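Below are structures written as structure tokens.
Two complexes come next, and they have one chain in common, chain A, joined by chain B in the first and chain C in the second.
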Partner chain A sequence: MVNATLTPETTRRAAPGAPATGIHGRDRRGRRQAVVAYLFLAPALLFFAVFLVLPLGFAVLLSTSRWAGFDLGDIQPVGLDNFAALFADGSTFLTPVLTNTLLFALGTVALALAGSVLVATCIDNLRFQGLWRTLYFLPIVTTVVAVGNVWKYMYEPGGLVNGVLNALGFGSVAFLQDPDTALPSVVVVQAWASVGSAILVLTAGLKSIPETYYEAAALDGAGPGTVFLRITLPLLRPSLVFVCVTQFLTGLQSFALIIVMTKGGPGDATEVAALEMYRQAFSYGDWGTASAAAFVLFAVVLTVTLAQLWFFRRRGEDV
Partner chain B sequence: MNRRRFPWLSYLLVVTGAVLTVVPFADMVMTSFKGPAEAGTLPYRFLPRAFDLSNYRAAVHQLDLPVLFRNSVVATALITGSVLLTSSLAGYALAKLRFPGRDLVFRLVLSTMMFPPFLFFIPHFLILVHWPLAGGNDLLGRGGAGLTVSIVALAMPFLVSSFGIFLTRQFMISIPDEVLEAARIDGAGEFTVWWRIVVPQTRPVLLTLGLLTFVDAWNEYIWALLVSTADPDVMTLPVGIQLLQDYVDPTRTMPIVMAGLVLSTLPILTLFLLLQKHYIRGVMLSGLK
Partner chain C sequence: MTRTPRRRHVALALPSALLAAGCAAPSRGTGRTGDPIVLTLLSHYASGALKEALRGPVDEWNTTHDRVKVATKAVEFTDLLTTVMVRQAAGQGADLLHPYCLWNGQLVRAGVLRPAPAPHAAEIRRGYGAAAVGSASVDGTVYGYPTELQTYALYYNKRLLREAGVGGPPRTWRELEDTAYRTARRDRYGNTLVQGFGLSAFDDSTTVGQTLALLSTAGGRFVSPDGRRTDLDSAAGRAVFDLERRLVARGASDPGVNVYSAFASGQVAMVISAGWWTADLKSLMGRAYRDVGVVPVPLPEAGGERATLATGFMLGVNTAARHPREAWEFLRWLNTDKVRGTTRMSALQVSVGSLTGRADDMRTLLGAGADPNLRPFLDALGYAVPEPNMPGAQQAKSLLRKNIEALWTGRQSVDEALRTTRRQVDQEVARSW
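The block that comes next holds the complex of A and B.
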């Protein structure tokens, strides 16, 4: 979604050179082709009108209104009150909700990045790369309901994680029930579930590094550590930035895993912005506050997206 | 780099990681065979005492699995079919037809991709509730439950994919114009050109797009949860299984939940393993998952 920045210039270049017998023939054909083109585009354009433009307008309206639901005639404009309420004293939106959101996203990025860099550089040396890649990819095609429940169960006192801890002589940990460990425990699961796609991107990045650099380094007698720090990491930087940004954006937005595993609890230890938005709307019927929260989160997401575009534009790379 | 210098270290790391990735799946399968007194009790045991199928029978009955399967299949089929059709039609128009406003439309399609999905949950739900002349609503969308009580509601917000249009367009650009022009000279209309030449030539990318869409639609949870709160009859597999886990004593029903999860993830994992090359190519193309 974010990386699709192909310029419309390619469109012009690919225009079909329509050979036509005369000026009039070309006109008639051109007009017919335009009609056909818009017929072909009609389902998509209609969809965008109803499910993109209309909802965006509606969301802006709701975020600046007070509305109890039901009758559309009861929507009352309240200006920026909903936004003010989010940042007012005593509101939980800034802390812990937005803080949790950032911690969740940052934690996921850190873990997934560390894991995927390690695994991707190692897979590059091995045989059966396809097999490993497939295994690491399994969580990505699995529904969040399965991932969340399996891990939730593994975190239980009688579950696998505590079973391993006990076998090693440690005491049990109440991972999801303790407010101090709940958020990190969910972060681990999110990272576990997303490491496969990061490995995929990094493996492609590694393959694009010319072999000659490594041969030159070997001739100069550079050790594996030096090679990794001086050649692999710098040349992998675009892929690393890309992985960081996309995982960070996903982390900022995701709340399905948290709904499944903790419902934001214990207390509000794992409450994140998108979940707060969801709850305000569908549990409390406060559509105004919920829509305002959505736009605040959107502002954060957009800032990160634009920063990423700026980074790649500056480097003159089309990602 | 250190090619085959320390491969044992690489193997150790990669295999450890792979085991960590696979173990939760194995635990899911093992738990699905455990008896009610066996699951969640101390000390933890990985293997069940007996491979008992009673949890699977319970899952089929308690979860009403056939209905959940039907709803999931219908929603997934609607979404995948619609995304393939609309992407391929729009992609062809944007790649190979010449018409005023083409760049504008293409730019519009690209710009829609910057809006994150969470922005739409609320307005989409309200739009479906107030859909005119559906589910007891009047012309102004008042009075009834709108489209939320229909199985179509599960699919509606996902019927068109900007990424799908973008992807098919990028592939269709490489089809030589001469081929299309030859067909036109033979008297073929644009619809025939699209169906007879463009669609067959872009089968690989359509397969990839279909697979990505299918997996996402099958696994979708939040939207399906919203819709089935309005109408339990349209509940999908993830929603139904989560409901069982939430409302019945979790320690006792966990093996049944796991059995349901095994049954619901099995089709998608099989599909992925069979067609993984196409799927992984799609993830590379989208660059994001």
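The block that comes next holds the complex of A and C.
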């Protein structure tokens, strides 16, 4: 079907007086096939046009415009004013919003990565591995709202975590009410909630490491620590890269957990970019600022992802 | 043109036509003289008692009016502004809107609300209190009929005050502080057992509402009368922030605790909140509700002039409405025509434990046998000041909440909180105009 559309023009040109069933017929059949192909592609193309190309184009337009969200005829171009306002003196976007977003993503990646490596390594040496993987995967299939609310109650002054602290003789901690502990507390929940998928990827990575390496290490008398640092960790690096990049992307775009647990507070201690964009657009009716913030976040995500890929590629990984 | 490109065009046009058909506006009548007209009403009365309460008068209108019918659409309050926005942008805005008055400046600026015609505006100014009219107005122009109006007062737990040896509810800030310190209790781990004075960090409205209620008693205001700059950085603002900071620092308030569930559980001695809460407390507390009392918001000094905050909703007509005259007529019927001595809207609001800005209706409906705790809210209709509703009011409110919370948690001093609020709000409000 595709070949027919690529037939050179010279071979498709019909000889004078040639019968309709000859080259002309093949030409028509080829075009008909091309149309059929486009018709089959149409739903997918339409989907991308409606849900990707159009919103993207609209977001570009809005980021350089002023629009309150009510009347499409009321979009006023303002150039780069929205971007300038984001970084103007007194704006909260750079600090604390963007700073919180990066800290949240970094904290989540660090905790989730360390936790998942530890747990995946343990699971790899246990019986009933399927059961353990399923248990650790459960937070993934639980809604963020449920996870956030349960943890919120656990963190409360009379909650489970403070109950344990009190039982151990420590004073209560205002986890979500103290600006110094609110962000780390939410980071712990996000890491806990995302550790399941990381474990799945890492256990698959561990399975792909040939047993012969471990046998050779055992013959050489290497201890468990040396085996982990010199064999397991280096050979697990492709899986670690994948987990690292995807967790970071998720962390940078986090929204639901924050809005459920803290709504960005106390003050703006847990205010992150996605939440700020949502508020600017849907609460304040400032779609221009929201779109400009979205593009700034996109630039940050792209830069961080490219930096991660460059870093790991420099170390010889095929990612 | 060959047949193939034509077919390609058809292939492209078909999905577009389907999309367009899917997005087409619902039927609202033909608009021809004599033909039926269907007005759509978008509100947040989406469930429970509110939904049932609105259905009554709408059904009555529909059975007694042949030509103009009203169809209600409801979403949860949290989705209301977004729904108005999306439907308006899609050309499917409802004819009648029921917005939170805080958004009025934003809606007027975006050209969504139609000013009330002169006879209706006159009727509204004549029939409602100043706070209700102010809430439904932007820059002096009335945009709709005020519906639910909430005033703020001080709820207190009589049992907790009695146990602390306090004779009665506070009337001044000094008494408020003293009562708060005497009633507050914590365990040896620092967990709050009883808050003397509850400061809610639940959401923008509760956090800011109680602060602005206190501010108004001190003669201060959040923004200037023209709504273009903040007035919070004043002696009154400093006094309120100082009071709240002291209450937190000395352990009488714990903003980390959900005041709304803690008060119902008898773990908060006093809290400033709006009148709608009485109905919730009754159902939550059962017999323990008899311990709840309500008095006006305490004043900085005895003998001062009473003041508090009023927030509200209104029913207005969309600029995109095809039958504005009929829409205003429905609103007049719902909000001003009297049945058994009161308007349908007042009866509706009282039936769900709320108030309207019509003091005469409220006095009739809340006469003998009504919950005495509603009386201070009713009295406050006469002296409450409306919540600022200039363009950018929602953002100003959110910024104020953030700075209040930063003050409570000790991240900002009183001066820093006042200064930061002024700078941030002035900057953002200026962008909204």
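What we mean here is this: the second predicted complex is superposed on the first by the 266 of 319 C-alpha atoms of A that agree within 3 Å, B and C clash if a C-alpha of one lies under 4 Å from a C-alpha of the other, contacts with A are read in each partner's own complex, and residues count from 1 in each chain.
What we mean here is this: a residue touches a chain if its C-beta (ideal position, glycine included) is under 8 Å from a C-beta of that chain, and two chains touch if they have at least 3 such contacts.
Everything numeric here is computed off the predicted structure, so don't read it as measured data.
With chain A as the common reference for superposition, the partners chain B and chain C occupy clashing space.
By the touch criterion defined above, A:Asp74 lies against chain C but remains apart from chain B after alignment on the C-alpha atoms of chain A. In the superposition on chain A, A:Thr181 makes contact with neither chain B nor chain C. Of the two partner chains, neither chain B nor chain C is touched by A:Thr99.
When the shared chain is aligned, chain B comes close enough to touch A:Tyr153, but chain C does not.
Of the two partner chains placed by the overlay, chain B and chain C both lie in contact with A:Asn166. Among chain B and chain C, the chain that touches a larger number of residues in chain A is B.
By the document's definition of touching, both partners, chain B and chain C, reach A:Tyr38.
By the document's definition of touching, of the two partners only chain B reaches A:Ile140; chain C does not. When the two structures are aligned on the shared chain, A:Gly267 is found in touch with chain C, with no touch to chain B. In the superposed pair of complexes, A:Phe282 makes contact with chain B and with chain C alike. The clash between chain B and chain C in the overlaid arrangement falls on one stretch of those listed (61-69, 223-231, 259-267 or 277-285), that is 223-231.
In the superposition on chain A, chain A positions 34, 38, 43, 50, 71-72, 156-158, 162, 166, 282 are in contact with chain B in one complex as well as with chain C in the other.
Within the complex, the chain B residues that touch chain A are 1-7, 9-11, 13-14, 17-18, 20-25, 27-28, 31, 39-46, 85-87, 89-90, 92-100, 102-103, 105-110, 112-127, 130, 140-142, 156-157, 159-160, 162-163, 165-166, 170, 173, 177, 180-181, 189-191, 194, 215, 218-219, 221-222, 225-226, 229, 237-239, 241-242, 245, 251, 254, 257-258, 261, 264-265, 268-269, 272-273, 276, 279-280, 283-284, 286-289.
Listed in rising order, the residues of chain A touching chain B in the complex are 1-6, 8, 10-12, 14-19, 30, 33-34, 36-38, 40-41, 43-45, 47-48, 50-52, 54-56, 58-59, 62, 71-72, 115, 118-119, 121-126, 132-147, 149-151, 153-154, 156-160, 162-164, 166, 192, 194-197, 200-201, 204, 214, 217, 224, 227-228, 231-232, 242, 246, 249-250, 253, 255-256, 259-260, 274, 277-278, 281-282, 287, 290-291, 294-295, 297-298, 301-302, 305, 319. Interface residues of chain A facing chain C in the complex, by the touch rule stated above, are 31-32, 34-35, 38-39, 42-43, 46, 50, 68-72, 74, 85, 88, 90-92, 156-158, 162, 165-166, 170-172, 174, 176-179, 263-269, 271, 279, 282-286. Interface of chain C with chain A (complex): residues 4, 7-8, 11-12, 15, 19, 81-82, 84-85, 88-89, 106-107, 109-112, 189-192, 201, 203, 254-257, 392, 394-395, 398, 401-403, 405-406, 408-409, 411-412, 423-424, 427-428, 431-432.
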